[in-house]
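Structures follow.
Same chain, two partners: chain A is paired with chain B first, then with chain C.
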Partner chain A sequence: MTKALEGIRVVDLTVWFQGPVAAQHLADFGADVIKVERPKGGDQGRGVRSIKALPIGDWNQYFLVINRNKKSMAIDLKKPEGQEIMYRLIEKADVFLSNMGLAWLEARNLSYDKLKAINPRLVYATNTGYGRFGGVDKPAFDMTVQAITGAMARLGEPGQPPIYLGMGSGDAYGGIMSALGIMLALYQRNRTGEGQYLDASLYGAQLFLAAPYLQSFLAGNAKSALQHSRKMVENPLWNVYPTADKWIYLCAENTDDAFARLCRALGAAELAEDSRFQTVDGRRAQSEALVAALDSHLEVKPHGDWLEAMQAQGLASSPINNLADVAKDEQAWQNAYFTKAYCEEVKREVDVRGLPVTLSKTPGEVATLGPQLGQDTEILMMDLLEYEWDEIEAFKAKGAIP
Partner chain B sequence: MELDHPSFGKVKSLGFPIFMSDSPARLQSLAPCKGQHSGQVLHDLLGYSEDAINQLTSDGVIA
Partner chain C sequence: MSNALEDVIVLDLTRDFSTSLSAAFLADFGGRVIRLEFLTAVDQADHQLAPTKGTWDFEADLIHRNKQSVALDPATDKGRELLVELTAKADVLVTDWMMAELAALSLDYASVSRINPEIIYGRSSGFGPKGPDKDLPAIDELASARTGMMPILGQPGEPPVYTGAGAMHNSVMLAFGVVTALIHRQATGEGQEVDTSLFAANMYGASLDIQAFLAIGEGDRFIHPISRLDVSNPMSGSLYPSKDGRWVTLTMPDTDRWWPGLAQALGIDPEDDRFNTHDKRCEENRLELIHLFEERFQTQPGSHWRQVFDEKQMSADVIGRIATSWSWTIPASARSRAWGSPFS
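And then the complex of A and B:
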């Protein structure tokens, strides 16, 4: 079956998460992604178990999922001979992607100017921590970046510690921004024949993830910067509530009609008649009392009963699922948001994140999980880069490749 | 970044998450008013005549 990005070759010089996941999106839709790694240890994501900071499971899902559908070449880029191989790769590439620091790239003669001179059609993409301009160049992790966006500071109950979104959201979203930037630049290149430089940062991505609150603040709503309590909200009909088993999120407008329907769903005739809650303004002004009343009503039955009753009244609501719930959700499997892939490491089929975009004619695919370090070095040097075997031996003797 | 809006004056808006060296993003205008460009698109892009556009407007098909 044809793939959307067939014929696009990506040189993927990335480590950890944001960079690799950007190239993963391209690889899923058919780009020929060649991951270039240092011969000793490769991408640090391969060794993520040894730092014992992340829960991994019995196979290295951290590395293997975001590097799926890729090839791997091991090249020592500190050596001039290694750079020579890289340049030949760049001649055959459409995209160069790296989340190494700009100084790191410069030191290995891999700056934009250098690679553009070799291939003017090249799209040169970097992932920085804090953006291309402004001079901030300190270590960037999902947490260090999320901490400065204002998003953490406004989450949590007032007076309680700020809340980390805790899902690698900046890394994941940064990867999507990077993939989007690459597609934009490829589109432009197909029109003009010229590549360009682009950067998508963790910081930029997280600011746009925080967009609704942030824009509200920019528009003059100072309160949007503050922590908000679920016990006292603008609209008690749009809030999280406990039930006998799990929390639910109710999303209804603060109208008399929606309130009447909610009271019917809850079988709460006395609430419907409570003089404090008869108007939009009353429900807003008395939100603390109304939230407390809804809490005590909802706490007595399990969420399934309430969701059914709310649906019958045309009210939108959802269970607050945990990961075990969503991993079983048939809707997610039906849309290929989850899929299965064979894992060499444990010699069995494993469940993986699938494809976030559904294309009718050229859908994505998870053909293979992440490659072994350097598994394709020799074959690509022969078939793609057209080196002779004695040249390859010479590169090995110099230590440019293992 | 800052932008002038016809109804609201100077407003602050989020800029762009991606830097591109040769084809940078730009903010030309905020969201349009409802149907602001209906007539223009029908005329310039789709080739409708003034009369046809007036008819569609008076029939309530476009606004």
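And then the complex of A and C:
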């Protein structure tokens, strides 16, 4: 079947998470993504051995999943001969993507000006930590960037530590932002013949993770920057509640009708008649009392009973699942949000994250997991870059390629 | 200057924050985004926050910027005719309506593509176009609850945490899918459907934890919250309170590189033989080091630590409240406090 990005070649000079996952989205839809890595060790992500202090297991899912559907070339870009190979690759490329620092790229003669001169149609994309402007060039990792956006400080119960949105959550967001930026620039390039420089920074992306709350703050609502307790909410019918086993999320509008249905679902006639909770404003003003009352009702039975009762009353609610529940969630498998892929490293099929975006006529796929370091160097040198074998030997002798 | 999507006409049939913002991203880059507002029965206003008179409706300005709006009544002949004409001329339709609602107005993909086979039809749902839950409402909280992350984001004993990040992921994913399909259409002339869901987007936001669990298949540290005093690496993913109560966070997974500088800043001897290798810091004496950090970070206020991190160019920071992060980032020339673009 045709692929949406067939014929688009991407030079992927990225490490760790944000950059690789951006290129993964393009590779999933059929772009020819060539990952360029240093000969010694390659992408640092290859070295991940544990996650949450747990051994990563017999295959490195950190690296192999976000680098799936890619090829790998090992090139020493510190050497002028390595740069020469890179330039020939750039002549044949549509996109260059890197999350190395701008000074790092400059030092290896890979600045935008340099590459644009070689290929004016090139879309040149970077993922800086804090943006191209403003002079901050320190290393950027997900959590430290999240920390300064305000996204963390508004989460959690008052007095509790700020909350990290999950390992790599902001990187994943910067990655899809970057992929979108590249697609926009490619669309334009196809129309005008001209490439351009774009940057999707980790910081810029992560400001959007908190966008609704930031925008509210900008409009003068100082409280949107602060932690809020679940014990005192604007609408007690839209809240998390503990049951005898799992927590549940109840999502109902604060209307008299929804409240009446909730009381029926709970079999709580006395709540339905409680004078404090008779009106929209009453339920809002007395939210602390109402949340406490709902807590004590819901605590006595397991979540399955309550969800059934709520569903019977037409109230939207969900169990708050853990990762073990999600791993076997039928909905995720049926929509290919999870899929199986063959892993060369362990010679068996493994479970991987699938595709969060579906294109009906040109669906993406997971054809291969991440490449071995430099597995395609020689073949690409010959077939794509059209070097003769003696030239390749000469590059090897100079240490430009292993 | 030309804009990337200046030849693209987008019909915006959205009512939720996430999808409306998706269309706004297309508008930001030059797409002519026309919002469809129907004058009949359909509960268009249901999810919109009614602004208090005379105040700035900041949410609408965030998610509907750069758009045009057309109001019509699809129940009348004239309105229906106009709708068909718009559909015929559009390059993209973006929606978050339920399947049945769309079908009732002949705005489902089958009907629309009969009029305009080249259209890119982007739809976001709650849980995806297939499976037992395909018709559940598109509410980000419900999708987030199904993603497995809410129980483990907070500290042990605390309630589950809803972050809202999944909805933001969804906005970008739908826009990405639509522009990818546009590129395919440039090459082949072929239109198609693009699907995303809040569930998929929430899962992608949690990708590292979910993928690790899929691969490892067990582990209490994936199922129950990890105390901040029990993090895997005292120098990465960790949180410590400073003297004035502001929180310090460190992300220096490569501890060999950063240990000498950090130890010195904290008044710890870098050669201390309890902590002088990565394995000692992250395995053997991990808890001891966490407690030492806990004590030392409390000797100075947040501002002191921020200065230290800046001077040493460390990947570490003091957690901003929104107010402080804004003052750090606002360019002097900015005229309005509206939302900029994440790209430059």
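By our rule, the second predicted complex is superposed on the first by the 394 of 402 C-alpha atoms of A that agree within 3 Å, B and C clash if a C-alpha of one lies under 4 Å from a C-alpha of the other, contacts with A are read in each partner's own complex, and residues count from 1 in each chain.
The working rule: a residue touches a chain if its C-beta (ideal position, glycine included) is under 8 Å from a C-beta of that chain, and two chains touch if they have at least 3 such contacts.
From a predicted model like this one, the values you see are computed outputs, not experimental measurements.
Visitor: Who does A:D325 touch here: chain B (first), chain C (second), both, or neither?
Guide: It touches chain C, and chain B stays clear.
Visitor: Looking at the overlay, does A:A117 come into contact with chain B only (first), chain C only (second), both, or neither?
Guide: In the superposed model, A:A117 contacts neither chain B nor chain C.
Visitor: Mind working out whether A:A367 is in touch with chain B, chain C, both or neither, as first, second, both or neither?
Guide: neither
Visitor: May I ask you to name which of chain B and chain C touches more residues of chain A?
Guide: Higher number of touched chain A residues: C.
Visitor: Tell me the contact category for A:A205 with respect to chain B and chain C: first, second, both or neither.
Guide: A:A205: touches chain B and chain C.
Visitor: Does chain B (first) or chain C (second) touch A:L218, or do both, or does neither?
Guide: both
Visitor: Let me test your reading of the model: by the given contact rule, A:V240 touches which partner, first (chain B), second (chain C), both or neither?
Guide: Once the two structures are laid over each other on A, A:V240 reaches chain C alone.
Visitor: Once the two structures are superposed, pull the chain A residues common to the chain B and chain C interfaces.
Guide: 131-133, 177, 180-181, 184-185, 188, 198-201, 204-205, 207-208, 211, 214-215, 218-219
Visitor: Which of the residues in chain B end up touching chain A in this complex?
Guide: Chain B residues touching chain A: 11-14, 16-23.
Visitor: Quick one: in the complex, what on chain A touches chain B?
Guide: Counting only chain A, the residues touching chain B are 112, 131-133, 177-178, 180-181, 184-185, 188, 194, 196-201, 204-205, 207-208, 211, 214-215, 218-219.
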